[in-house]
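Below you'll find a set of structures to go through.
Both complexes below contain chain A, partnered by chain B and then by chain C.
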Partner chain A sequence: MTIEKWNSLNLLEGEVRPGFRAPDAGDFVFPSIFGDSVLTTKPVILVFFSVILVSTFFIASSRKALVVPSKIQFAGEMVYGFVRNEIGKDVIGSEFQRFVPFLFTIFTFVLTNNIFGIIPLIQFPTMSRIGFPVAITIFVYLTYHFVAIRKHGLFKYLKDMCFMPGIPKFMYVILAPLELATYFVIRPLTLAMRLFGNMFAGHLLLILFTLGGEYMLHDKLIMKIFSVFSFGFSLGFTFFEFFVQCLQAYIFTLLSALYIAGALADEH
Partner chain B sequence: MSLSNSNQDDSKNSQNEENALWSIVGYLLAGLFIWGGIGWGFDRWLGTTYCVLIGLFLGAGASVYLVWLRFGRD
Partner chain C sequence: MIKLTTLINLAAEEAPSPVIPHPVEIIVGLIAFSLLFYVLKTKVVPKFEKAYEERTNAIEGGLERAEKAQVEAERVLRTYTTQLAEAQSEAQKIREESRVQGAAIIEDLREKAKEEAARITAAAQQSIEAERQQAITSLRNEVGALATELASKIVGEALDDQVRQSRIVDRFVADLEKSN
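Entry: the complex of A and B
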């Protein structure tokens, strides 16, 4: 087909428009809704909303607990049972019970805030702002160090960490800094960054495909046709994001449990 | 950091593997950052350029050795 024919089909005709502005980190910054306070920006409001949502759900599911559970009680107990048995009991072992409330809170809080990313009208995963994962990580960090120091004492905790039995003495010079860095820097860093990065990247992809599709929809005919693929991708990624959001909430809780288990273990 | 010795079942094994997976990533990162960083510090101090490379190799080697000690032994 010649160019004239293409042109006569009006495929490539269209108004000249300013270029597409790709989404960037600026799309994660929200203005304050009331006044200048950071407490009324969208992410902070979503966090408060998630707390209300989670509390309401689990209070409703447990207040009239019956031997034959209602639907909501069953749903609540399923989530609780999953955290208690799959994460708490399997990872921490015999002393798991006193950590179950902590793990359960982390799991439901992170999960709810992640899933906000694909709920229509909300559509923002709170954990894509680094401050929130960092805040939860601080709690996990303090917990597992506190547990270990209380169980073993500070000196023995550090000694077990740095000096593994059965290796040549001079190797300790090389290996001890690595162990210290792993326990005190790398673990909290990767814990917070993993959650943040997954949520940030996933949300960015969804914005990109949705805004890109919208941009192409108002363009030439051939672009309108391609915009279908862009919207298709954004729909597909929404389902994929749901999977990632659940997985990241699980991994975050699992790793918290693993760090606590490591702190309780007799030898490191 | 072995987990406590109670209930040795199948899920315990998969948990151990998951534990190992994330710990290994952490150790490898720590090795590169710490010894690479020390090498970089020596470069700054002495005005050389090769210490960071030595540090990175040392760190990579040390972290692989540490991973072997933790998870490859027995």
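Entry: the complex of A and C
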């Protein structure tokens, strides 16, 4: 619905108390902390912080590598074992071992940066800045093409991609461009957009209900009552966000594994 | 007072498109991811894999050791069972042998006792016979001498002739035996 239509319905028309601004994409832009460099904005700092956090945790967890694990080793191994076995081994198969470090990095990196969205004081999912999902997608994109070309050769890779066996010949006219688009455009685009979109929308909703609640709290009594619902929703939504953040990290890693598995397969 | 529409329009103008990636952020993402990848690949994954392998080995080694112990136990049990059976049959054999031997010894002793008894009996009989003969001889001689003396005294006839004397005695003894 366009803004003109809203106005004609006379619902939102009227005086608005100044000071409230509905959250939008602008809330995802942070000022630089030191000087004008983008390198010192909150998202960039958080990304580097996540690298330190994940590295520290897993180095501490794996340092001793005991047969009977300590609590921290057990926790680290649980995450590692999940990526290694449930994603790597199950999806890629026999050659999974050499892709485990890559998948493990994707999962821990994305998960940590997503969960930043609900950590008090941090409260910003870095993956809602599209540059970061794009960066990871570049690695995934290069990896699965590189793996396939090294295994099958460029020509056979493209040929298998365009001409799937067991399909009537005239269908290739439609299917070949579709397949090419899938492998070279759609896959990386959806991979990056899915993660970005989920984090962006989730964070937007959270700040909308929190800021809205806060705004209404300073209004008339009836609005104060509504503000309780608004805060309640934002609280409940935080739990839901946690679920979405974990799920998106899992989906991103799983799809990366699937693309690599497809590149390794003999037939596409 | 500002109208909401104006606010929305203002916001739309201000906000940069969220789907256009900032180049610096892509580069930061690439660097951060590479750093993390390097750390996890070189420091973490090998350690976890090592722990996995050691654990697998420990479990498999444990199973292997248990299996070995089982085999060893079975072997020992078999040995003991065999030995026990051997010992039992040995004991049985020894009992059987000793029984046979005992019987043989008893038989032997009995035989020997019998022989001894027989020998003793025979010796006794012999000695009795010898003594009887001796007694007979001495008796005969004495009886002869007595009788001769008696007869010579009665008859008053000198019976010097040895031959005659002997004949007379024999006849006398024969008569004596007959009368017995």
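FYI, the second predicted complex is superposed on the first by the 249 of 268 C-alpha atoms of A that agree within 3 Å, B and C clash if a C-alpha of one lies under 4 Å from a C-alpha of the other, contacts with A are read in each partner's own complex, and residues count from 1 in each chain.
Everything below uses one rule, namely that contacts are C-beta pairs under 8 Å (C-beta built on N, C-alpha and C of every residue); 3 or more make two chains touch, one makes a residue touch a chain.
Quick caveat: nothing in here was measured; it's all calculated off a predicted structure.
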When chain B and chain C are modelled together on chain A, clash or fit: fit
Using the superposition on chain A described above, determine whether A:F74 touches chain B (first), chain C (second), both, or neither. neither
Who does A:F229 touch here: chain B (first), chain C (second), both, or neither? neither
Give one of first, second, both or neither to describe whether A:F146 is in contact with chain B, with chain C, with both, or with none. neither
State whether A:P43 touches chain B only (first), chain C only (second), both chains, or neither. second
What is the contact status of A:V100 with respect to chain B (first) and chain C (second): first, second, both, or neither? second
So which one touches more of the residues on chain A, chain B or chain C? C
Is A:A22 touching anything from chain B or chain C once the two structures are fitted on A? First, second, both or neither. second
So in the superposed three-chain picture, is A:F196 touching just chain B, just chain C, both, or none of them (first/second/both/neither)? second
Would you sort A:F109 into first (chain B), second (chain C), both or neither based on which partner it touches? second
Where chain B and chain C come nearest after superposition, their Cα distance in Å: 18
Same chain A residues contacting chain B and chain C, which ones? none
Can you check the complex and tell me which residues of chain A touch chain C? 3, 6-7, 12-16, 18, 21-22, 24-26, 28-29, 38-39, 43-44, 47-48, 50-51, 54-55, 58-59, 61-63, 65-67, 69, 73, 76-77, 80, 84, 100-102, 104-105, 108-109, 128-136, 138-139, 193, 196, 200
Along chain C, where are the residues that touch chain A in the complex? 1-5, 7-9, 11-12, 14-30, 32-33, 35-37, 39-41, 43-45, 47-48, 50-51, 54-55, 58
For the complex, give me every residue of chain B touching chain A. 1-7, 11-12, 15, 18-19, 22-23, 25-27, 29-31, 33-35, 38, 58-59, 62-63, 65-66, 69-70
Can you list the residues on chain A that touch chain B in the complex? 86, 90-95, 164, 167, 171, 174-175, 177-179, 181-182, 185-187, 190, 254-255, 258, 261-262, 264-268
